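What follows is a pair of complexes built around subunit A, which joins subunit B in one and subunit C in the other.
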Partner chain A sequence: MSVSVLAALRTFKKHALIVLAVIVGFTVGHLVNANFYSDDAPVQPIEFSHRIHAAENEIPCMHCHVHAATSINAGVPSVNKCMNCHRAMPGVWESPEILKVRGYWERSEPIPWVKVYDLPDFVYFPHKRHIQAEVECQSCHGDVQEMDRVEKVSPLKMQWCLDCHKTREVENGRDCWTCHK
Partner chain B sequence: MAGIVEKWKKFREPGYPGKFDYHWGMVIDLDRCSGCEACVVACQAENNLPIVGEKQFALNREIKWIRIERYWQGEYPDAKVTFMPMLCQQCDQAPCEMACPVFATYHNQDGLNTQIYNRCIGTRTCAVYCPYEVRYFNWYTFKWDEPLEQQLNPDVSVREKGVMEKCTFCIQRIRQAKDHAKDRGGDQRVRDGEISPACVQACPTEAIVFGDFNDPDSAVSKAAEDKRNYRVLEKLNTTPSIVYLSKVEQHG
Partner chain C sequence: MSAIDRRDFLKLVGAGTAGAGAGFLVKESSRDRREQYIPYVATPEDYAPGIATWYKTVCRQCNAGCGIQVRIREGRAKKIEGNAMHPVSQGRSCALGQSGLNVLYHPDRLRTPQQRRGDRGSGSFAPISWEQAYTSVAERLASLRRAGKGERIAVLTGTVQGHMHDLLEIFMRGLGSERYLQYDFSSPESLLAANKTTYGREELPYYDIANADFLLSFGADYLSHWLSPVHHGMAYGNLRQGAGRKRGDVVQVEARMSLSGANADKWLPARPGSEGLIALAIANKIAGGSGGLSAYTVARAASASGLTAETIEELAVAFTTADKPLAIAGGPATHSSNGTANAVAVNVLNAVGGGALVANPSPVIGASATNRRAGFADIRKLIADMSAGSIDALIIADTNPVFSVPDQFGLRAAIESVPFVTAISPFVDDTSAMADIILTPHSALESWGDDAPQPGVGLSTASIAQPVVAPVHDTRALGDIIIELGRRLDNNVATTLPWDTTYDFLRAQWRKIYDARAGSLDGMNFEEFWNSVLQAGVWAEERKGPALAVTSGVIDPGTPVIPDGEFSFHFQPYISPIFADGRGANLPWQQELPDPLTGVVYNSWIELNPATAKEMKLKDGDVVEVSSASGSLRAPVIIYPAVRPDVVAMPIGQGHQHYGRYASKRGANPLAILNDTVDRDSGALAWCATTVSIKSVGERVALIRNSGTPRELGRSILGPYGEGGKTRHESDDDHG
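So, the complex of A and B:
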């Protein structure tokens, strides 16, 4: 008499189906979430690619994030800035993504970019102090120039800030009121 | 933990503020104070202080980082009144700091007695230890009715229920001035008169002077040399950073 595993399982067919459905459901759900609803790499209203702009066309970060070295906020460029270049580029003028940009321009609306890096409101984080101390953008934001969609690579936890301030021996860098407000 | 205790011990040595970069302090001239409460309003606006409402006020739960105390002498109609702005004295030997079980209140490198709202668990011990009664507790998460929430200061956290708070000497303005000093380069130091906390800015009679006590030439150091100077509850040895100049009495 041979014991067939399949035969044994057949009695649990219904359960097996449920288990399978759950596994498939979770996998699909996870993939959908990671690709479309992720907090770490949110889908942007326009498929803006840093790879195309910052790497392939070697546009410096500060050309678009103009305030990084002089202000608390790095700032995201206005639609005007996009149009300044793209008006002069007939090659992609009719591409669907640029059409969207033109739509915002014609309606005089800002593009509702989704924030990727977001600290709680009680934290004081000045970009300028870091840029002026020659901390690379990449040490906090990763290789943005390789990304087609910006992905959050740093935990933005207090420990993360403190670790760097400790190794860099930042003056008063571990005093609570340096960062808290 | 050991690190914190070490740091803390350092602050207990007498005369330690001299070791620090800045020693922020104030001189308040009671002879100039007219009790108008402009400072109270300015503070309320600058530091996102809630309006607690009539009921809570009656329960003594108002939040005012600076308040005007009134002292009466004599009987009506021959009464004299002295107004005294009372705010956190930023004591060098602060009793509240000894009390906090979680180190949510501590001394920073500028000799300021600071409060970390995130860290605070609301035991209210510090308020009990404070002889000046200038610490305030959030009994509720207060709401700002429209359109008042539009005037909240983004540089100051909005505190929640269960958190202790008090005057910070407008630390957000100090931070900004220090930031500007860094941008300016050179010695990267804040110059005298660059910082004025909201109350100082609002005072119509210029009764309050703010500045760095470590700098002997600063306006505040000079003002503190006045013969009328005293510190409140000096005998408690809290060594406050606020010097008061007593009211000039007129006789005859």
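So, the complex of A and C:
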């Protein structure tokens, strides 16, 4: 009886192999995307390198992220700010990435940066509090000055926030209302 | 198993590759979309993300002219509060003022100019460009002007204060037309007429409620809408519990208890139309029979009003014993057929009893705007002219007369007979739905302007209104529309309007104010002066008004009408504290704000006394038909203990045919069924003088109200009533 089943399947064998190949391929493609094309380091509209700016040229963080110490948002520089410095730097004026910046400036378009660190709307996170408490930028954002493309290094989960609040003995640092208000 | 040949191998490789690609894309598409972080191209001045900036400007939600400040974050207006430096609002604001944000970001706001598609009044429009809109309006006006028919162009606006009024005057002179009217339903027309009779000047003095210690209000709901409600709210607080003074007493005389009545010590439900007789009887009592008032006896007032003679005499005693008494008139008292006479009677009472009035200095800016304030008689004349075909073009800006003028007067048909109608309106409302072209103006929070509050607060005050956000849609400032239309007419008109923008015009006018006072402004140059006014939101100087000299005597208020026959109820529409004269009905925050006295949201209703309701076997939510000699409407009943049994009261504001998604075809408009009764002295619309009948139509609706039950249900909220803690309300079947 088993012989007759095998005989019946035989004609489908090649089709079954093709279906199997599709399934295996699908799984591999899915895994490749999930593991090697991570959300943690999204491709930005301009290949802006923090390494060149912050490490090689030693520009302090808050030269560009001007509002970090005074506002809940650190702020991203305007296109105008990029251009202000780069107009004075003929050496890289024609480089491909600067040409992109110049393009945005000439079209009067803002640069649509992709957020790397994004908190849900129900979390109140003020940058200024953390700067005033002398938390280093790097303690949450990692060694940004070593990165060409910024990569998310912190999970931004509640436990991770609380661990730090506990270690640093933050006043009211474990109250729900401190962050969820 | 058969061997895999070359052909099969290629098939398998192809299938695997296709699968891998599909897997990659499926995972990619299942990711959350990344948020973007979009900076400015060039950061505007004083902008920081996450940090709010407050800008001072002037509220335009009613005509009180409160100074406000608006919280701006990331270029968006977030919250409106009162401007603490402004003498009218002193840091306070009202619900309607707060809803200014709703106007700015309203989903039904017209984003570009519109051209009519369907019939007039159908509300069907198609967007057109500003160039097309300007061209079609200007061509029409210019051709009329060229044909020497400039005077056949009429402009009808709401209350336009400050220098914007002067700009309109210049424009109208250029057109060669005298037909420029400002019409506002809630304008205190009879009060102004009465003040002209009593003091010789058609102005409002400052009614000093804050410093009075006995306030006698004849129908003036000063806490919800009368003249300047935010200011009066503060004044009331000071009267009641100001530091270092004794608590003032408040008595409210009105047939239907308003919010102010609910906050008074005593509410006296006098018969509608008898208010003047009561005021004169008190004045007569104070004057001791002299001063030509001897005909106005307490007995006459008592029989006319239904109040007892003792009550009226007590009022006279309270008025005399108070250090600073004050009587005010408004609402139903001034909007019945003897409204002016009632208001004159109250003026006489203040004159005899030493009422706490302060004369206002003439406004610094826009003083001539009062000349264009249309009385209802002017509106009737305009309707007659339109119907007779003497108007070829009509421009209506910022007012909704089709809603607020009773159908009986035929305004709708008159507008339909005008060949060319332009509306300057941010919304399709009952009036702009009749227009051929709608020009879409900025909201108040996007425009330059200025204002001298009317009524003033006893000192000379002016404020500059500045835009607090960049325009949200493709709209233009009212002033810019006027300037641009003027330019396109012809050179003669253009030279009278030499400014490029409203801003330039305003600066030029304020330079004149500065120049007239340059010596006395601490050596400030003009820029410093301008910036300091912008920063403070207001500028004031000490200047006294001429004393209020009483020039004339009494107008006899006559005997109040007692309704009988078919229409056996007084019909008293009242201006809603939420929608004002109806302008707030399209704002969602206002629609969901419960009425302070009945707790109803989203609907119209009529208020009936429990005794009347019981007699007619009506319960809360029973729909009735309210009929006057001029029309009828349907609305559910609310049993309201604080209304006379012979009065049917109804809030104004709902019942729009067109006014956006939140207001259109919601509820009923009480103004639509009013008779054509006017005040016999001033000609003002007597919107409290109609009599009606009511009959049940056998339907019920569930009213949405947040008040639950008017009973205590044993919770002893009002305190124990006698032995055993039984409460007053529990022992009473008729809602107390």
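Operating definition for what follows: the second predicted complex is superposed on the first by the 144 of 181 C-alpha atoms of A that agree within 3 Å, B and C clash if a C-alpha of one lies under 4 Å from a C-alpha of the other, contacts with A are read in each partner's own complex, and residues count from 1 in each chain.
Just so we're on the same page, a residue touches a chain if its C-beta (ideal position, glycine included) is under 8 Å from a C-beta of that chain, and two chains touch if they have at least 3 such contacts.
All values reported here derive from a predicted model rather than from experimental measurement.
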| item | value |
| --- | --- |
| Touching partner for A:39 - first (subunit B), second (subunit C), both, neither | second |
| Contacts of A:176 with subunit B and subunit C, given as first, second, both or neither | first |
| Touched partner set for A:105, first subunit B, second subunit C, both or neither | second |
| Touched partner set for A:73, first subunit B, second subunit C, both or neither | second |
| Touching partner for A:122 - first (subunit B), second (subunit C), both, neither | first |
| Partner with the higher number of touched subunit A residues, subunit C or subunit B | C |
| Doubly contacted residues of subunit A, that is, touched by subunit B and again by subunit C | 126 |
| Subunit C partner contacts - residues on subunit A that touch it in the complex | 10, 13-14, 17-19, 21-34, 37, 39, 42, 66-67, 70-73, 75-81, 104-105, 108-115, 118, 126 |
| Residues of subunit C defined as touching subunit A within the complex | 1-2, 4, 8, 11-13, 15-28, 31-32, 34-43, 48-51 |
| Residues of subunit A that touch subunit B when the two form their complex | 121-122, 124, 126, 128-129, 172, 175-177, 180-181 |
| Complex contact set, residues of subunit B against subunit A | 106, 108-109, 112, 114, 116-119, 154-157, 171-172, 175, 179, 182-183 |
